[in-house]
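These notes open a run of structures that come right after.
In the two complexes below, chain A is the common chain; its partner is chain B in one and chain C in the other.
What follows is the complex of A and B.
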């Protein structure tokens, strides 16, 4: 990235640190994660053990997948705030439809709203050029409305969590949470897609310079529509995983994950303006946030304080990245 | 000049639409009278202030995503301060809350100017922060409002010398709205500052080169937005008698009304009258849906669809208005 030949004179320590951060954003993140774990161990000696690791992973995985949705949309300069509603919808529909339906049918029914919302988001952003933030906020409001209407129709039949999702969400085999069975393929797929496929490069290209991408023949609206449908599908699958973890279907199940998912992607080094970032950083960002949440719970910080902190983290990190980019 | 005419034409058309909707309402419900109009005015109040808050920043070329969260914070602050306090104490609470909104809004603007992070990111981060702060003030709906504040928006204004039949059509809530908006907007519009707002909205560079203090104007725009949002928060507390820490659907509604009211999302165009009429239109549509005995949840869906459609339409108009091939 930075060419040392263009900087003949010795650079100051501060600049060197900045350049290092810009070139290898993962290393400071991992250091931060380790520091947080050490603080946790100091505050509560003995808390960091095998069970804690499995538990942290279990809670970090849904967050990491949702943050994956944010990462991909942010690479194009967008954002997807409807992931919480989509995840809640698919989880709620799955839990209520499994009572009377075949699991496969219930699964398809649960994924249907995800695809539809993704499609509407994609068309709104790609064709009508609505700002992604406003578009996804709007579809999530509409989705919540539909969910409330739907809830009335199934109030008599009750809900249950399928055993398989229970196993996937909470189960631990040989010290490894079963959720990794879902997460590892998803993560590999996202990383592979972003780095090695044409679609992934299109996302970077569109986010980096949309006009240049269009002029070189990228069909913007098709890329964006595919992206938002993919993001919604991932959110839907996360919902299924999350219901197996939380085990209480409600109409605001995954809503609390939305802000942290944005924060995780931003901390992980994905630029909210598009064109820069990747999924590996996001995964570490999700881990950092999960450990941070544990830490704040131990320190008895209320939910409100956590949100304030997340807000400032997003702002501070974005401002810091902006400085780094401007410096070069 | 023709530009002015076109703008006024848009507002006039909107006003005609409003009258048409009133006629439709009267047809659906022949008994629709002054009492219903009063409750419409009360329902509009918080929305109208949210829209005013959004309009000021949109005219100045920005966007404020923290409007709804700001309303929630100011509303819970007012409600918890007035809880168990004397009626006179509320005389201190009202200016305090308004000043709080103004200062927090100015903080929004200052963060945008100082960090140089785009407005959409800063106000998104502030949305998290303000939401968290609201939860810290009150973690569940509660608090109280002074009786005279509640009385301020219930009932009608008795004007001596006019028959009661006409008095009845002038609800206090409408008067409060008109007075609050005019007191701020009319002097602003006629001042140098108002001109600067429009100037930085239409072209920041041109404004800067003509000697407009861009940074200061932007901070004031966000401060005014915070002030209007605080009025909206107070209106919420006044009409419900309590404060709720969860932000209502005011963000999307404010953006939709701004677009429908003829204020371009790019900035520099439009006034306050259009968006305010647009709020009445959107609320009246809701009233009509309720009068048609449609399930309130379905009403929420239809409302969401209308708002998304309006925003899409607005974005579409914005693209059409640009030279071909330009990126929005």
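What follows is the complex of A and C.
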């Protein structure tokens, strides 16, 4: 490690390319995304048009926000598996409460479980040092249980999707999905927070070397609690967006997004061991996964075969990407 | 001295042992010869090569050169198991029982016979051991005794004890010493590593002294020998070095005002005992000690990493209680650990590492004023002359530059007191000089520095005063003019000041222990 710092040596072309990629890890990701779109266009000429782009964006956005939750928690060496349950809860509560309640009240009720679960996650991980995997899995199961109990109390009143969420989730204005109105500010905020705020710095520092952060005066539990509450809030908001897209409230609404959200963050270059990564990579990761899903859908394979292929591609892409980007 | 004809054939005979780590020679030419029935002390200052020699003898690492004979047969100890088969068994400072297994399973794991083990445990002063107890639940002191009993139970020819009595309460330590002594009488040999002259005089027949990776002498233990041993450990450095009295800090301001840091009767488990000292503004106070004398705990307590069991710490005359490092930082006390990997986020940039304390407090979590941060950080980088060619990731920097980053962080944060724990360990000479200079500059700006060092020469280069810690106690305090290397070395080994070689303290100790037993 000292060599690279003190003795610049002539390096081969391959090594230079590697260095270049290592310094700009987004480039190989963007290249991969373009390759996937080109393959899609070759397999189905004409499929890549304005409507397809809007559609892809619509489905990629909820995934990308949840993957943002994973990115932030993974930077500290954690993970948040409760995002699916939190999103489902807020969506389900919103859709059922809007029937009898004022929209503002319904919104607050919908976000309540998100805050609670985030708080419990944060205290469990930050104070009692439960492993984030187990902690968030546990709260996720508890949340699902509560939702089932809650469902019995609202069977009579039924559910409806608020018009605004409908508009936000599915609507398209001048060819741009309305969901971008939510996503762009969220994405800008996350990127700004990670790079330009004290809290963002601490996420990286805690994930890289918790002891060093402690010796610098950082109180771990504060960072972790704030982080998991934030992650849960984002997941709750994603749930509201997603119900406007899917339009069918169910008890497992956002559950299928959980593992892809982890995959998107990993493909985007965030290390699950903490301290490395960023949100822009994650967004591209979410796009890659969404395009990949479309690609496998048009291949007219049986569902099982599609899943197998999906799994293999995710593994392969991640391994290859890390080989390119890791510079040591 | 090693060429003296020996009356018996040695049981263990190592000659010309050398070991290099890269360009660094940990051992150059070490020899050690142990006779049957002998308790043999292995001595040397920090970094003399004791632990490297021990690791080679017990097969933990391989020597680059040298010959090791056991009972006259050349032996290639290539693994701990091979050393064990050859009859050479170590008991290290760290307990070696597997924490999650009970004692009995631990014995089975190493094929140790149970009955002899139990007999030894009773012999060593623990009458009521439950061998079904899980090792994790057994106190540290008992674990160390169990390690010894486990080694004794297989009747090794050569038993190697590394600081065996450290962390033992007095009654257990006494039993251990008694048993070790009897090992010798039974015709087995013991290699005894210790910093305590009292034990060595009571126990050992001869001592081998290492300095800078080579054996510099083998002596018989007799009254008055400790002065010779200290001389050997120091080598040519015995010449009393004269230091120009430092441009002494303006005594009227430092002495009259209350001390920046006043430590009184600090107590921490068995590690720190009644430690008291002052640190004034504008002063660099050195802490000198052999390894493991409680200096780690002292610094951790002052930094807020661990809570002391008793005693007080006063900052500017106000009693302080630190429950988290952030409390100490709040009081302007920053800790620079000796191990850089403890202090740095290795994958982050130089800038982020230096600026880390700025964001720590809850109210500083908001947007960072990038330009102001840039100014402060570059100021600190410039002051320490950190090579920033690889500043994207701290792990790409050289060790010396990494060390500078750990200090630059607190220069940028403008900490009033810096606790530097061996900041020059394993870095190049040039960087060392820069760090000395920086610490003096800080003192010149009325900041205060507590500076632990394992290298005696640094005391005179940097410190105004030095306290010497031995066995968890402050045994002596020297002004820099008095702190020549022989004086420091004697104090670090717990020898009182001004003892004449021909009188010696060892004679007294011998008669004392004789009367006691």
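Basically, the second predicted complex is superposed on the first by the 280 of 328 C-alpha atoms of A that agree within 3 Å, B and C clash if a C-alpha of one lies under 4 Å from a C-alpha of the other, contacts with A are read in each partner's own complex, and residues count from 1 in each chain.
In the analysis below, contacts are C-beta pairs under 8 Å (C-beta built on N, C-alpha and C of every residue); 3 or more make two chains touch, one makes a residue touch a chain.
Keep in mind that this is a model prediction, so the values were computed, not measured.
Of the two partner chains, neither chain B nor chain C is touched by A:256.
Applying the stated contact rule after C-alpha superposition, one finds that A:28 touches neither chain B nor chain C.
By the touch criterion defined above, A:185 lies against neither chain B nor chain C after alignment on the C-alpha atoms of chain A. Legend: residue contacts after superposition of the two complexes on their common chain; A:158 is shown touching neither chain B nor chain C.
Using the contact criterion defined above for the overlaid structures, shared-chain residue A:322 touches chain B, although it does not reach chain C.
Shared-chain residue A:211: touches chain B and chain C both. Of the two partner chains placed around the shared chain by superposition, chain C is the only one that A:219 touches, whereas chain B remains out of contact.
In the superposition on chain A, the residues of chain A contacting both chain B and chain C are 211, 214. Interface of chain C with chain A (complex): residues 303, 305, 324-326, 329-330, 335, 337, 341-348, 352, 355-362, 364-368, 370, 387, 389-390, 392, 395-399, 401, 409. Against chain A, the residues of chain B that register as touching in their complex are 63, 65, 111, 115-118, 120-122, 124-137, 139, 245, 249, 251-252, 255, 265, 295, 297-298, 300-301, 304-305, 307-308, 311-312, 315-316, 318-319, 327-328. Within the complex, the chain A residues that touch chain B are 120, 124, 128-131, 133-135, 137-139, 141-142, 144-146, 148-149, 152, 210-211, 214, 259, 262, 272-273, 302-312, 314-315, 318-319, 322.
Residue ranges on chain A touching chain C, taken from their complex, read 1-2, 4-6, 23, 192, 196-199, 201-202, 204-205, 208-209, 211-219, 222, 226, 275-276.
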